[in-house]
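One chain, chain A, links the two complexes that follow: it is found with chain B in the first and with chain C in the second.
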Partner chain A sequence: MTSPRTLALTCSAFALAAGMAQADSPALMFDMGGKFDKSFNEAAYNGAERWKESTGGSYREIEISAEAQRVQFVRRLAEAGSNPIVVLGFANEPTLNEVAPEYPDTTFVLIDAVVDLPNVRSVIFAEEEGSYLVGMIAAMTTQTDTVSFVGGMEIPLITAFACGYAQGVKAVNPDINVIVNYTGSTPAAWNDPVRGSEIASGQFSQGSDVVFAAAGSTGLGVLQAAEDAGVFSIGVDSNQNHLHPGSVLTSMLKLVDQAVYDAFTEGPGMETGVVQMDLASGGVGYAVDEHNEHLISDEMMAAVEEAKAAIIAGDLAVHDYRTDSTCPAF
Partner chain B sequence: MDIATIVQVIDSTLRLATPLLFACLAGLISERAGVFDIGLEGKMLIAAFTAAAIAYVSANVWIGVGAAVLASMVLSLVHGVASITFRGNQLIAGVAINFLAAGITVVIAQNWFQLGGRTPSLTGDARMARLQLPFADAVRDVPVLGPVYSGILSGHGLLVYVAFLCVPLTWYMLFRTRLGLRMRAVGENPAAVDTAGISVVGLRYIGVAIGGVLCGLAGAYLATGLSAGFVQEMTAGRGFIALAAMIFAKWRPWHAMGAVLLFGFLEAVANRFQNIEILGVGVPVQAMQALPYVLTVVILAGFVGKAIPPRAVGTPYVKEH
Partner chain C sequence: MSTKARIPHWADVTLVPLVSIALAFVISAVLIWAIGESPWDAVKMMVEGAFGSSYGWGYTLYYATNFIFTGLAVSVAFQARLFNIGGEGQAALGGLGVALVCLYIPWPHWSVALVAASIGAAVFGAAWAFIPGYLQAKRGSHIVITTIMFNFIAASVLGYILVNILRPTGSMDPASPRFAPEIALPKLHEMLALVGIPFSRVPPVNISLLIAVGMCFVVWYLLWRTRLGYQIRAFGESEPAAEYAGISPVRITIYVMLISGGLAGMMAVNSVMGEQQRLVLNAVEGAGFIGIAVALMGRNHPFGVVLAALLFGFLYQGGAELALWTAIPRELIVVIQALVILFTGALDNMVRIPIARAFAAVRAR
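Take a look at the complex of A and B:
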């Protein structure tokens, strides 16, 4: 017979164990645009899910729907004992500068920006290198010698995409005209497919026949507009080739999933500091799969692979707009 | 600037003005009948969601449009019950509708499609087809007529033409029919209408219901014509721009069309030109994108003549005993 006392003890032991499990579990905070944006946030989600499948662990996740929630939600995750806490998006740089010092025993991971604190790992991607490669593919595909770019918010991060893309295009043929447009200057720019498709249509009327979208959910409108107009588009962050097979030429991959997976796997004891994800480490790249392999010829592939090897070897330097706010290709 | 650019900008203007025009006429009719309609945004949003969801499930855009109109009318009915029957504050009821729509669309979408508050992308018959007007291809190369007819007028979804057709219809209904006369009277002096033995409540419900239908079409076009699916908050303030256009137009249908075309044009220009040089001075894109809102403030501050609303708008009618 179980005495009430044993029962109580067992219960509290269970509660303690549950609490411990909760405390050790990692957490992930998505950026504006939503978990299933088929792009940046979804890549992170896939990384977390991959970790969950391979380890059987569980993690906490939270989606923000307003700017004001950033600090509040990160603090809530830290209070709940989650460790490490992965925070997505450049806009969280001030968030972690504020919250991370308050929880010195918690490890934070920031994706897309750098915060110089002992308990923060900053993961940054060499977007310009991946964009350079898809720029080359665009330049080798265009029939009209005009290609274009639709960015989300006009910020250095997105301009780095545009700059790398333009450099890749000009490397193939310096006479190709690159049209660069942005959706807006507020976070709403990540979530306006109507405006994305209107901007893309405007670019098509200016002669563009390949458009590269780096604009979160807004990019879905751009890809749709490209298919409607019968021209090519290039996806971003996640592999978006399957969204409009035959119209999406390729996708510039940014392995946010890998960054999240690594952080979750290494756990609270991970090495902090800046982690650079570039071509050499396989952190960025371009996607070729069954949906687009017929669009990319062997010669194109060879040229791109050659440039990729040169970048990895250090023989070819792609300029990063963020270092000096200028772009040689504009 | 060449002809092709101008054609493209005007073409884009018509598309972008369409949801504004529907919403503007909806607000106009409702307010002419004496009921403030701050809830245009919310009704458009729920219609956009319903149109995308039902069009996706049924693979037929017109079933989606019908469902959108119904959904929007349900919210109109809520607005009517709260502000006409129970004489609640019309502005508060409208604001409540906006909040309700913003929340409920995302919750239902998430639960239904598991895509983070969006509907799947629409393809094929679930999207609004772009109509080619007769002879559009034949006259494409004719100077003047070609660009205007084939480039600008042809090639839009059916609802674009319906929207512009609604302008004369609204004008005729308000100013040339008995119903319109009574409706305007209800907005100016409901007591007089009541004295004549006509139902004030009934007329106001008709006004709000017509507004519901038009908002439904606005949202449906936004989700199935302008884009291919619903994403959260996709109306992005268009309901409020429509409200501003209505005040700008001083509650007159033809002027409303002019006002929404102006707002649509500004948006099209901001999309097309990221940096404009005017007289040698570069205007940054942010300034262009802010222009509709700046214009709204200027209009509301009363710089464009006095905008006098229907006299009884906002006051619930209480029968004298």
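Take a look at the complex of A and C:
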């Protein structure tokens, strides 16, 4: 497959890299959107940084700027000896299907999609469960019996957030109206705070007084609009309670940072296969801290904790939109 | 024009761009040094990463193929003094053409599929450029405004079609299904293996590189050896004079935009059919805009476009290596690219006038 000459050429190309290569140190590849998106990618970065601080280790990181670089960079990282290699985003499912079989001794971690290969750990999140709980909090807070949702790009993943949220709302009071809007149908929808703010303002004028944003940096505009309008908002992915204390009711946690931290800590010898990050494992949840504890009463807390325990015990099933593309609460 | 006349032609096409690039790299070196990295190591890594192995060459040529198509598209339009900055949208629609041709027709062999996909790409790209061309010719709507707006419309159209029509059910990714493996284009390593030259099998560079080079000859022949090409250039030099000579501005504007859009659309043969083998949302990823810089640097000549496309392919691939193995952030690579565009495009006279003076001084002696 490789002639001696190609091999020599390839080797010389990697000799340079080898000088700096930290063999067997982990690597992290961000998805389009970039490292500091205040959301998905940044959460992963924070997890990696936390690992670096607690272990003193070092890791390699790379941002992609072209589609062709997905395969290129994963392959280059594997060749340089990085292990494990954490790859973010469902768009990399084909990437790992192509590259992972070529490097059977390297462990890959894919976040947000499933690749069924012996050396790949697929981390998926039960977003609908966390969204269900914040939906309950929204329903118990609203004065107008109208709540709303601002999604980023309209894809099944984000609809699963909306569907879980709506189910939580309807579980508290089936008469509450849930307004659902999406920012757009292209990746630009993740990074448009101005549009997020416009959509949220439109929802407020329709009577909504609690808005849940699952829209990457677009959500920052939603949170700002909610504070400006004097209503409540719900953050997403990371704990965003501190952004607008008193206005951010809670945050739906999706602990991408934990998934990265765990992968880095467990190292190349980690267990592969599908890792389900749900309420039971603490991979999703809702945030209560000093910024919002005065907004959530003891009764609300008790009701939400009861539902959480029921979901973990399997007594309460939250429907996942992705399984059949339907939602009972819409 | 008077300063330009004082420079010999060879200096105009070689010395001016080379000095501009050198200046851009000097400032880039200062920037790299300012963020605490070694400029020499950075340059070495970029050059080795892009040209030091057949692997690097493969990626450089892959990117260059994209830029040749979009650079040619801008060049042709510019010969008629039409500034087509809609290459991004035309290439996106070209991608749709490729995808429809590849997905819905069962082709027996890649070669047939390649011809059909090239035509599909060119037709879709040309159709997308036709509307701004028509609006310019018949309604006087400025081509710069309409083509850039059509980029946004193209992104939305493509997003809608991918999300609602082409996306396989259950898939998160706004992308079409994969094309049949039988119509995968031969990669450069397979072609070179036929003549016994070993080449890395990893990079996505494929047979569309040859199509790109072929299109350079076609464009050169069209512009300088045909009646239409003469009319295009005459129209570009002076519209009233061309009209006086019986050249229809409406016809030339629409023809030029069709050719330009078709060339931009054909870029998708490389990225959609050659690399991804499926249509993804951002298959163009900025090549439409890079095409403007490539055309500016290449002096709107097909041969210059090839060289400029290689330079930008080098910046892309070398920049990727830099981002992989050093702490130099990805943004700085964009800055380097921007500096090259700034010096070769916008600050042309800054280099040209001193060179013209130097030539005048030498001659005066």
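Everything that follows uses one rule, which is that the second predicted complex is superposed on the first by the 305 of 330 C-alpha atoms of A that agree within 3 Å, B and C clash if a C-alpha of one lies under 4 Å from a C-alpha of the other, contacts with A are read in each partner's own complex, and residues count from 1 in each chain.
Everything below uses one rule, namely that a contact is a pair of C-beta atoms (placed from the backbone, for glycine too) under 8 Å apart; a residue touches a chain by one contact, two chains touch by 3 or more.
These figures come from a predicted structure and were not determined experimentally.
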* Applying the touch criterion given at the start, work out whether A:Gln69 contacts chain B, chain C, both or neither, answering first, second, both or neither. => second
Would you sort A:Asn173 into first (chain B), second (chain C), both or neither based on which partner it touches?
neither
Of chain B and chain C, the partner touching more residues of chain A is C
Contacts of A:Ser54 with chain B and chain C, given as first, second, both or neither:
neither
With both complexes overlaid on chain A, does A:Ser205 touch chain B (first), chain C (second), both or neither?
first
Q. Is A:Ala91 in contact with chain B, with chain C, with both, or with neither (first, second, both, neither)?
A. second
### chain B versus chain C as contact partner of A:Pro156, first or second or both or neither
second
Partner chain(s) touched by A:Leu220 [first = chain B, second = chain C, both, neither]: first
So in the superposed three-chain picture, is A:Pro187 touching just chain B, just chain C, both, or none of them (first/second/both/neither)? second
Note: overlapping chain A surface for chain B and chain C spans 63, 154, 184-185, 188
Contacts from chain A onto chain C in the complex sit at residues 1-3, 5-6, 9-10, 12-13, 16-17, 20, 32, 60, 62-63, 65-69, 72-73, 75-77, 90-91, 93-94, 112-113, 153-157, 184-188, 322, 325
Note: in the complex, chain A contacts chain B through residues 34-37, 63, 154, 180-182, 184-185, 188, 191-195, 197-199, 201-202, 205-206, 217, 220-221, 224, 243
Interface with chain A, chain C side, in the complex: residues 45, 48-49, 52-56, 59, 62-63, 155-156, 159-160, 163, 169-170, 172-175, 178, 198-204, 271, 275-276, 278, 280-283, 285, 316, 320, 323-326, 330
Counting only contacts in the complex, chain B reaches chain A at residues 4-5, 8, 12, 15-16, 114-118, 121, 222, 226-229, 231-234, 236, 267-268, 271-272, 274, 285-286, 289
